[in-house]
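Take a look at the structures below.
First subunit A sits with subunit B, and in the next complex the same chain sits with subunit C.
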Partner chain A sequence: MKKKIMVIEDNPMVVKSLEFKLKKDGYDVVIAEDGRTAMKFLAETTYDLILTDLMLPFVSGNEIIEFLKNEYPTIPIIVLSTSTQEDIITEAFTMGVDDFITKPFSPNELSLRVKRTLSKTIN
Partner chain B sequence: MSIESLQGLENWPFILKVNLVLSLFFLVLTLLFIALIVFLRIRKNRKEAYRANFEIALIDFFNHYLFDEDFQRDYELGDFKFNYLKTSYDYKIAIKQVLIFDENLKGESSDAIKELFYGLGLFNFLLNDLKRNAWYKQARALYAFSKLGIRVPDHLVEPLLRAKKPELRQQAMLYSLNTSKENPLGFLDILDNELSLWQQVFIENSLINFDLEVPDFGRWLNHDKSSVVIFCIKMVVSFNQFQNIPHLIDVLDHPDAAVRAQAINSLKLMDVSDSLQLMTANFPYESPTNKRAILYAIDKIGTAKDLRTLVSHISKEEENLQIDYYKIASKFDNGIPVHRLIKPETIKQDWPEFQSYAQRMLQGA
Partner chain C sequence: MNIPIKHILFVDADREAHTSFNSYFDTKEIMVHNFNTAMGAIHYIKESQPADILIIDEHIKPMGAEQTLNYLIDELHFKSKVFVCSESKEQFETDCGVYEVLKKPLSEDEFKKVANVLGRVERDCSDLYSLDYLKELSGGDKMFIAQSIRLFVNTVGPRIAEIIELLHSKNYKEISEVAHNIKPSFEMILNKRGSQLCDFLAHHAKPNEFEYYVLDLKEEYELLEKQLHHDFAHEENW
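Up next, the complex of A and B:
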């Protein structure tokens, strides 16, 4: 059965590329363009991994991470962000994210990190 | 309206006829204007719809090109170029998408994006823009080349560093900063316009954010443009280039007062007390602003002795300078002969602390 990944991202180019790449890698991909939509989708079905930006409309990435850690603590989270500031990255890891990828990103590297995070969760 | 009634118009007074003609004229004008607005709106909507569809096609094509291993790259590239890239508007949209992809992706994908840039003929399109006379096309081309880090022949860019339009000059600088690995600030050598404050901030940000090798700014301290010298003095301080301190001291004799002011402030920031000798020697001939700057330099890196040497060079009319002098003198020993300067009637109520200090010094003197 295909692993289900939710991508929370508002940049159309990044969304399309991630969707294309992750589908090519054999995942089932659901796109949420903002935090509210993401929460709505989460209430409807379960996901194996969440890939989220930090700068999002309506609900920030940090709020989503907090929500996920409270409501769905077992779902692994990977952050994909333009921020390279150490305090932001540290804060994300403190909140419990599993990985942090900075933009610009290498799609192949992202693919490997997704695979690694999912395999860690299974183990 | 019947023909009879129209014939009756002949009997109308002249003013009513003029009124009728003007009313009809403005009615037609209004209708034409409304039609024009509707036409422009429809055209804009169509253009936006076309743009949205074309962007989707581009993103889809780029994704296949980048991530689909079964994709026949060479064949599909030629096919896409033939079917989609027909007008300059198409080229502009494609260039924008290439820039967005390049901004978000790195590694192999970034290299593939550059392949697309060349393969789709976008490089040649922008190169032609660079050769044209329209400054906005040249600026756009330089922007794209600099973002992608693609070099073009120097003879096409050098004249643009001396362009009349500041926006174009700035893009030419950005291009040089982004594409030259060995000499990113080499454009300063051929610059014959002053650097605006905005451009200075922008170059400094580029040096910090673009991971460029910081050059030795002492090289441009003799530049004939004062703004370049001022910028380089600031950079000497920002990047702690202490090897340039002797050059900075030489700049204290620069003919431009603004350059000297920057040198005074920078030497103060770098705690170069050796420079005070020349500063105090130049003090009598300096502008009021620079005199003030020298006083504050003494405050930070000088002694009461340095301050004392200046007393005879502060005239009784230079009230603001006197205030600064009192302020600084109050931090040193009481051996400062301020009584020689004090003109109590000119010390205003606005500065009570200095007034009282002056009075105190007078009484003590």
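Up next, the complex of A and C:
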């Protein structure tokens, strides 16, 4: 059965690229363009992995991470961000995310990190 | 912080000329590269480094402006705007062309001539964008690439218009947020200038700097849009 990944991202080009790459890698991909939509989707079905941006409309990425850690603590989270600032990356890891990828992502790196995070969760 | 800049090569042995020229031009958006002899400038141009304007002293060592310009144009195919600094001539002629003169000692009036030209320096369209990243991502899928380019135009254009509106209301916080959001779009088509401008607007710009960089971003987008339309309008998925 295909692993289900939710992408929370509001840049249409990044969304298209992530969807293309992840589907090519064999995953089911669901797109949420903002935090509210993500929360709605989470209430409807379960996900094996969440890929989320940090700067999002309505609900920030950090708030989503906090929500996920409280409500769905077993779902692994990978942050996707244009930021390379150390304090932002450190804060994300402190909140318990599993990985941090900078945009625009390297396609091969994305594949490897998604695969690694999913296999860690299974183990 | 690297922000987009235009490059002036200033080739003159006179240190005072360097000082006054640099104090007028060396700002965040203009980089002056100083050379005491022609050899430094030749070496710089040989390495294909950016040069929007070349300003060269008539008597520069070792071979003077005339021979230096002939070499640059004949051998290195140098095409940027040239000024020659001279104490006596009104214009400067070589086998390769006629050049505008800046009167020595250099004054603010002469600097303004350079500034006027600099404002009109056209962007080199050859490095506006590249499809390398999209090709790598999609394994060369032509439909995906064409759709992505169309998506760039359809989604970034309205956001640039939004930024212009926000500029009118001096809403700098939201300008920063929109710039942050569209930055990856420029990066995915490897447009460095757009990406740098977005980064600057998102994280570094002071209130008095927003207008200049927003207009620069708009200009960059319009160039890109025109070029993409030219290159992709015939595609099936455009």
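Some points to look at:
Note that the second predicted complex is superposed on the first by the 123 of 123 C-alpha atoms of A that agree within 3 Å, B and C clash if a C-alpha of one lies under 4 Å from a C-alpha of the other, contacts with A are read in each partner's own complex, and residues count from 1 in each chain.
Criterion: a contact is a pair of C-beta atoms (placed from the backbone, for glycine too) under 8 Å apart; a residue touches a chain by one contact, two chains touch by 3 or more.
Computed from a predicted structure; not experimentally measured.
When both complexes are superposed on subunit A, subunit B and subunit C occupy overlapping space and clash.
Contacts of A:2 after superposition: neither subunit B nor subunit C is touched.
With both structures placed on the common chain, the touch criterion links A:55 to subunit C but leaves subunit B unconnected. When the shared chain is aligned, subunit B comes close enough to touch A:109, but subunit C does not.
Once chain A of one complex is fitted onto chain A of the other, the partner contacts of A:10 are limited to subunit C, with no touch recorded for subunit B. When both complexes are overlaid on chain A, the residue A:21 reaches subunit B and subunit C alike.
Contact with neither subunit B nor subunit C is seen for A:40 once the two complexes are overlaid on the shared chain.
Note on the chain A alignment: of 76-84, 94-102 or 166-174, the part of subunit C that runs into subunit B is 76-84. Comparing the two interfaces of subunit A, the one with subunit B and the one with subunit C have residues 11-14, 16-17, 20-21, 24, 103-104, 107 in common.
On the side of subunit B, the complex with subunit A involves touching residues 59-60, 62-64, 66-68, 97, 100-110. The touching residues of subunit A, when paired with subunit C in their complex, are 10-14, 16-17, 20-21, 24, 55, 82, 103-104, 107. Contacts from subunit A toward subunit B in the complex involve residues 11-14, 16-17, 20-21, 24, 103-109. Residues 133-134, 136-139, 141, 144, 147-148, 151-152, 155, 177, 180-185, 187-188 of subunit C are the ones touching subunit A in the complex.
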